[in-house]
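Per-chain residue numbering starts at 1, and chain names A, B, C, D and E are given in the order in which the chains are listed.
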Amino acid sequence: MSDALLQVEGLTKRFGGFLALNQVSIAVKPGERFGLIGPNGSGKTTLINCVSGSLPVDGGHITFDGRDITALPAHRRTRLGIVRSFQIPKPFTSMSVLDNLGIPLENAAHGRGADGADAMQILEAIGLAAKAHLRPAGLTQIEMRKLELARAMAARPKLLISDEAMAGLSSAEVDDILTILFRLNAQGITIIMIEHIMRAVMRFSERIVVLDAGERIAEGTPDEIVRNPAVEKAYLGE
Amino acid sequence: MFSWDLLANAVVAGVLLGGFYAAVSLGIGLIFGLLDIANIAQPAFVILGAYAAYVMNSAYGLDPILTGIAFTPVFYVLGAVVYRIYYGSFERRGEESLRGLVFFFGILFIMEVSLSLKFGVDYRLVQAGYIGKSFELAGVGVSFRYLVPCVVGVAMTAALYLFLGRTFYGRAIMAVSQDQAALRLMGANPVQIKTIAFGVGIAAASLAGALLITIAPVIPSTDRDYIGRMFAITVLGGMGSIGGTLVAAIILGVIESLMATFFGPSWSLAVSFGILLAALAVRPAGLFGR
Amino acid sequence: MRNVDAGYGAVRVLHGVSIEVREGETVALLGTNGNGKSTLIKCIMGMVSPEAGEVFLETDGTRVDLTRRSTEEIVSLGIALVPEGRRLFPKLSVEENLLLGAYRKAARADIQTNLEFAYEAFPVLRGRRAQLAGSMSGGEQQMLAVARALMSSPRILLVDEPSVGLAPILVSRVIAKIRELKERRHLTVLMAEQNFNQATKIADRGYIIVHGKIEFEGRSTAELRENELVKKYYLGV
Amino acid sequence: PVARAADPIKLGFGMALTGGLSANGKPALLAVEIWKDDVNKKGGLLGRPVQLIYYDDQTNPSTVPGIYTKLLDVDKVDLVISGYGTNLIAPLMPIAMERKLTVMGMFGLANNEKYQYPNYFQIQPAGPDPQTSTAIGFFELAARQNPKPQTVAIVGADAEYPQNALVGARELIKRYGLKTVYDKTYPPSTVDYTPIVRAIKATNPDIVFVASYPPDSVGMLRAAHEVGLQPKIFGGGMVGLMFTTVMTSMGSMLNGVVNYDFWAPEPPFLAIPGIKEFLKEYQARAEKAGVDPLGYYLPPYSYALVQVLGQAVEATKGLDQQKIADHIRATEFNTIVGKVKFGKNGEWAKGRTLMVQYQKISGNSIDQFRGPGKKVVLYPDEFKSGNLIYPYAAALK
Amino acid sequence: MARTLPALGVGVVVVLAGVALATMRVNPYLYFAGYVILQYVVIATAWNILGGYGGYVNFGTPAFFALGAYTAVFLIRSIKAPLPVLIVAGGLVAALLGLGIGYLTLRLRGTFFSIATLALSVVLQTMIINWEYVGGSRGISVIRPSGPPFGNYVVFLFTVMLGLAVVAVLVARFIERSWIGRGLAALRDNEEAAECMGVPTLRLKLFATTISGFLLGVAGAPFPYYVTFVEPNSAFALDYAVNALAMPMIGGTTSWVGPVIGAVLLGTTQQLATVTISSELNLLIVGVVLVAFVVLAPEGILGLVRRVRGRI
């Protein structure tokens, strides 16, 4: 398993008495498109928070690129290349869209060549260039999601974790975002996708892990997952 | 110097003091804790309440606490007016509360000066039958001067608690700072709700002021002594938790009392605030914060 | 709702929109993201004021103009909204959220029956009545949002995208629940939804809104299913 | 430019009109204003009218340097007096010294000990040993009782004046061979004094010496009644008990308290020429000025302070600061508080802080406090107007 | 970098102008009032580094100011240290306290942080009150050294404070325009997102609290020589907390210019009110000015200027 880019072993997280994650292990290989699904409240976002360093863990180990990062602060993990987007967009409201990208470029991607042109390039790629000088308050929902992704890209990730970047988007827009993600993946960025939109997850992921009530209940290719009775019972329904 | 007798007395005195602190802090617990309006001028309203009690007491011999109750409608209206000004100048424009803080500092100064222009700077006291009297219960002395405010304070806490938890206005007040638009969808007008809450908070100051002047003499700048305590109690109790306010007030009262009895009163305030710091370090949202 | 123009500041979102919901109907408002579904619903609720056109409510021959009314007044007329993004009060308990739903004067009398009904309809909520709404999972929150709207004994229920962010299993459950409630309470429902398949499960008919204009009115679900727009956007043809 | 005869003589000062000391600052201001009117009625000083220029120092020492520089350099005042209180005098000292001014201090305790500036004169009758002046009468009286009290509790606020009084008290305790059983201080913002009083009671002291500001004076006294603290002598340096609003409100609760004071409406003081007129004028103007209605505590001294200055100006026939100072240093003045002679460090050559006892007060009428008999002077002997009721409990009945 | 040098140049010119002004000895009162206003420029600027840029509202300004002042008192009393030493030492001690409250930000945000700083101020004041060596609650007189430049010590202090103000403003300006300032702005907007975008939030907060504390201490260090008498009530006065907050608010918090404008405006108003209005009305005016400014100029003077310019 040492070929994994991200390896989570026996991760446990409690909120007070509530066990949000129970001994969860996952391994994500370099360049992989990895799907993480599960019912609401199953602990997906919590897992991401632990991996990105937003929450301290109560047990287990996280290894990235062969290095134990369990105790590293979040910004160091970002600099190592783990970047996440937020389920609820959290833009820097007092700055323009362009300056929003400046923060990761300056803080996480430095040394890899960062200037205003880089930010603009990313915005163009994602289709936000026209709004570069607006404040985030002036963006629509989808633009906000795109900004969230653009900002993550500006951090020059090795591993990009997208937490429900597509919730509430139309299928055309979902396709938009999927295209972007595929393109990033083609550039060698490993991607973890969390999504409830099955169409997207199934199309995108090479491998999927399913969480339920803080436990890992299944792993496999999209086809295997769809056919898995446990997953059907806990998640897909019908 | 330790004795069980002293300990019992200190604890009882502390609880009584705490009840009074709760009365003084309830208004800010409502306005700051629930509405998120940093009304730093609240202690000035308390002092205004104290002067109201003084005027009625010295002119007509009215009991201060009765005056405090009688004046609550006046204070309610005053609070409603102040809130409308605040609303018109800040909230409607969607501005952050920090500017409001400066606004309320200004109000604090204006009120202090107005009081001293009207009443001068002499210390003012009230007279009531129970001031200076006390009784003893199983070796524990209880002064009416503190018992009465404590009882009133606890009653105010209970009343506010019931008001918030059991009435539609109350629940709307608890919700209003969380999501105003959603509150509209419930059929409540957030501005009206906040006006009510602010009014109630200021009305509480009327009673708190009456209790204050029952306990100690008052000058216009007495409010300064209470700014720190009021906010500390609200935060220690947990923002927006009315029960927490009472508990925090009693904790502070008991600490002050124990320090004063056994270790030297000089450090009592510092220890109280030190404990606040420690408590915040362990429980950043206060004792009963949600 | 007739000929409504509306928007935010300089941005006009709705262009001459007219829709109609008759008593007892369930109408779906379909449209992909950003086409103005929520804006339309906000217009009805008085959260966005139309620049032109009118919104009104007709009951027993009396006609009430909603255009110039505040949200609170509209709610008190018996219209409830399950808003986009749920908009619960995260630091209030489940029960407190529900009780706030009954703020409207007309609903206060029925508070006990409504509460009982809510718990019966959503048994998970009963078990969690003291839990803070903010600490519940997305699905539970959506149920609470629906239950809260019902607490006001509405005649008309507006639902804005109940399926967003829900696991598939929950989506069907919530939609089914709305249908069940509608039938039991004789509600009139207007539901904005992108999830076509789910929406058509319960709708009697629907509108499709594209770029702030009503592009198609389907008098039955079958008619909707046949529509080119629908095929293009939803069925991925 | 040569001053023309009609040009006013400007007297400048800062005064606590707001903040903690304003309850004393404002009456002091009124007294000075009355003096100005009196002088001007009689044709002014050196034939020139007197004009007051004053600003609110907000009881904040850090405003003092600015205020006095403004007075001296912009307003070009001819004479200065200090604002009210030790803390507001302290920052004035270096300015006065630098500019070689004659400066009259209004109720400062030992301000000049560090500087030993010869042209500083201070009106509080603390005498050559300011630190012990508040407490000396108290302990002197205690020592005269039979049986002599043995144990003492001292307590006071963490503030300038009370702390100074406590330092003096500790020295006197040593001098009189008493045993200290309690010695603590409390923050001025304390709300509940019962725990403190109870702790004192637990040590069972013969005498209790309290050095406090008005709110704590009231708090301590009320708590003493509630807890039943009854030492043989109670009181000492409790500021505020002599304020009219406090006296009328506290009423009979004051009885028996032995406290320092500067003035009392007792025969030895009422006999001094000029005082009655002053008080009449003061009381007539008090309500409008929003100050203590009787003015029995500090106002006569504030008036006396400017009286001294005025007399010195007249005597030296000019405004030369050095000549004025030399004259003040050398002369004994007749003022409305009696004969005033300055000595070492500009303090009164001989101290005259009174020790009074509140006696036979009943009810809350203000009129009972206007005449003699309620605030009996016990010390010093030359002003004595009555006898100590001893022990404290006896006076309570 | 290209714009830093000219700014430094401007700073030097301002200081030189101040020295020239000092040697001219215009009306001495101006130096006294000027000193206080400049002191507030330093305080407002220092506060704004943490409060305006980073969004952490420090209510404990008096604690830092007083710590600077009392460090100076201690050093004057114990070793008669010269003024530069006092300033550096006062700054360093206050910076240490700043570092301490920086660690508080690990757990406390928003209002809770503000109340914690307020609590800290109370605790510190109690400690000073009980420390006899620096005067305790009675206060302590400080004798100025003799033979200052420009003939008068306060004129000298004025130029020193002018220098400190220039340094403070330059520091603030530098921070604002560097990655540190941008990082602080990011964490002010959303701390979690900033951290996840690689911003070392803790380090930045510690930096901001420390440097802000340092400058506040620096502002307090010459204070004993200015008043010559230091006592806890006035050293820990609420005024410092109010002014530190109000001045940047009045001026505008997002730029270094804001606190300067606010300090000059409000500071001058206060000074003028004190020495022109001979009654308690002077405080009333300050209150009215506070209310009027925040009501009428919602985004501070800077915002007002921007809006007016935008309209033309």
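Quick note on the criterion: contacts are C-beta pairs under 8 Å (C-beta built on N, C-alpha and C of every residue); 3 or more make two chains touch, one makes a residue touch a chain.
If you're wondering where the values come from, they're calculated on a predicted model, not measured in any experiment.
Enquirer: Within the chain touch network, how many edges lie on the shortest path between chain B and chain E?
Expert: 1
Enquirer: Within the chain touch network, how many edges lie on the shortest path between chain A and chain C?
Expert: Graph distance in the chain contact network comes out at 1.
Enquirer: Looking at B-D and D-E, which one has the bigger number of contacting C-beta pairs?
Expert: Of the two interfaces, B-D and D-E, more C-beta pairs touch across B-D.
Enquirer: Using only alpha carbons, which chain's centroid is the nearest to the whole structure's centroid?
Expert: B
Enquirer: So, what's the distance in Å between the C-alpha centres of chain B and chain A?
Expert: Here the centre of chain B sits 47 Å away from the centre of chain A.
Enquirer: Averaging over Cα atoms per chain, report the distance between chain D and chain E in Å.
Expert: About 37 Å separates the centre of chain D from that of chain E.
Enquirer: If you average the CA atoms of chain C and of chain D, how far apart do the two points sit, in angstrom?
Expert: 76
Enquirer: What's the distance between the Cα centroids of chain A and chain E, rounded to whole Å?
Expert: The computed centroid separation for chain A versus chain E comes out at 43 Å.
Enquirer: Mind pulling the chain D residues that touch 2 or more other chains?
Expert: Within chain D, residues 17-18, 20, 22, 158, 185, 187 contact more than one other chain.
Enquirer: In chain E, which residues are in touch with two or more of the other chains?
Expert: Residues 126, 129-130, 280, 283 of chain E each touch two or more of the other chains.
Enquirer: Chain pairs in touch?
Expert: The list of touching pairs comes to A-C, A-E, B-C, B-D, B-E, D-E.
Enquirer: Sort out for me which residues of chain B touch chain D in the complex.
Expert: Interface residues on chain B, with respect to chain D: 1, 3, 6, 9-10, 13-14, 16-17, 20-21, 112-113, 116-117, 119-127, 131-134, 141, 143, 145-146, 215-217, 219, 221-222, 225, 253, 256-258, 260-262, 264-266, 268-269.
Enquirer: Help me check something: in the complex, which residues belonging to chain E touch chain B?
Expert: Listed in rising order, the residues of chain E that touch chain B are 57, 104, 107-109, 111-112, 115-116, 118-120, 122-123, 126-127, 129-130, 238, 242, 245-246, 249-250, 280-281, 283-284, 286-295, 298.
Enquirer: Quick check: in the complex, which residue numbers of chain B touch chain E?
Expert: Residues in contact with chain E: 32, 38, 89-90, 93, 95, 98-103, 105-110, 112-114, 116-117, 224, 227-228, 231-232, 235, 239, 266-267, 269-270, 273-274, 276-277, 280-281, 284-286.
Enquirer: So in the complex, the part of chain B that touches chain C is made up of which residues?
Expert: Interface residues on the chain B side: 168, 171-172, 174-175, 178-179, 181-189, 240, 290.
Enquirer: Can you check the complex and tell me which residues of chain D touch chain B?
Expert: My answer: residues 17-20, 22-23, 26, 158, 184-192, 194-196, 198-199, 202-203, 214-215, 218-219, 222-223, 225-228, 240, 243-246, 249-251, 253, 289-292, 364.
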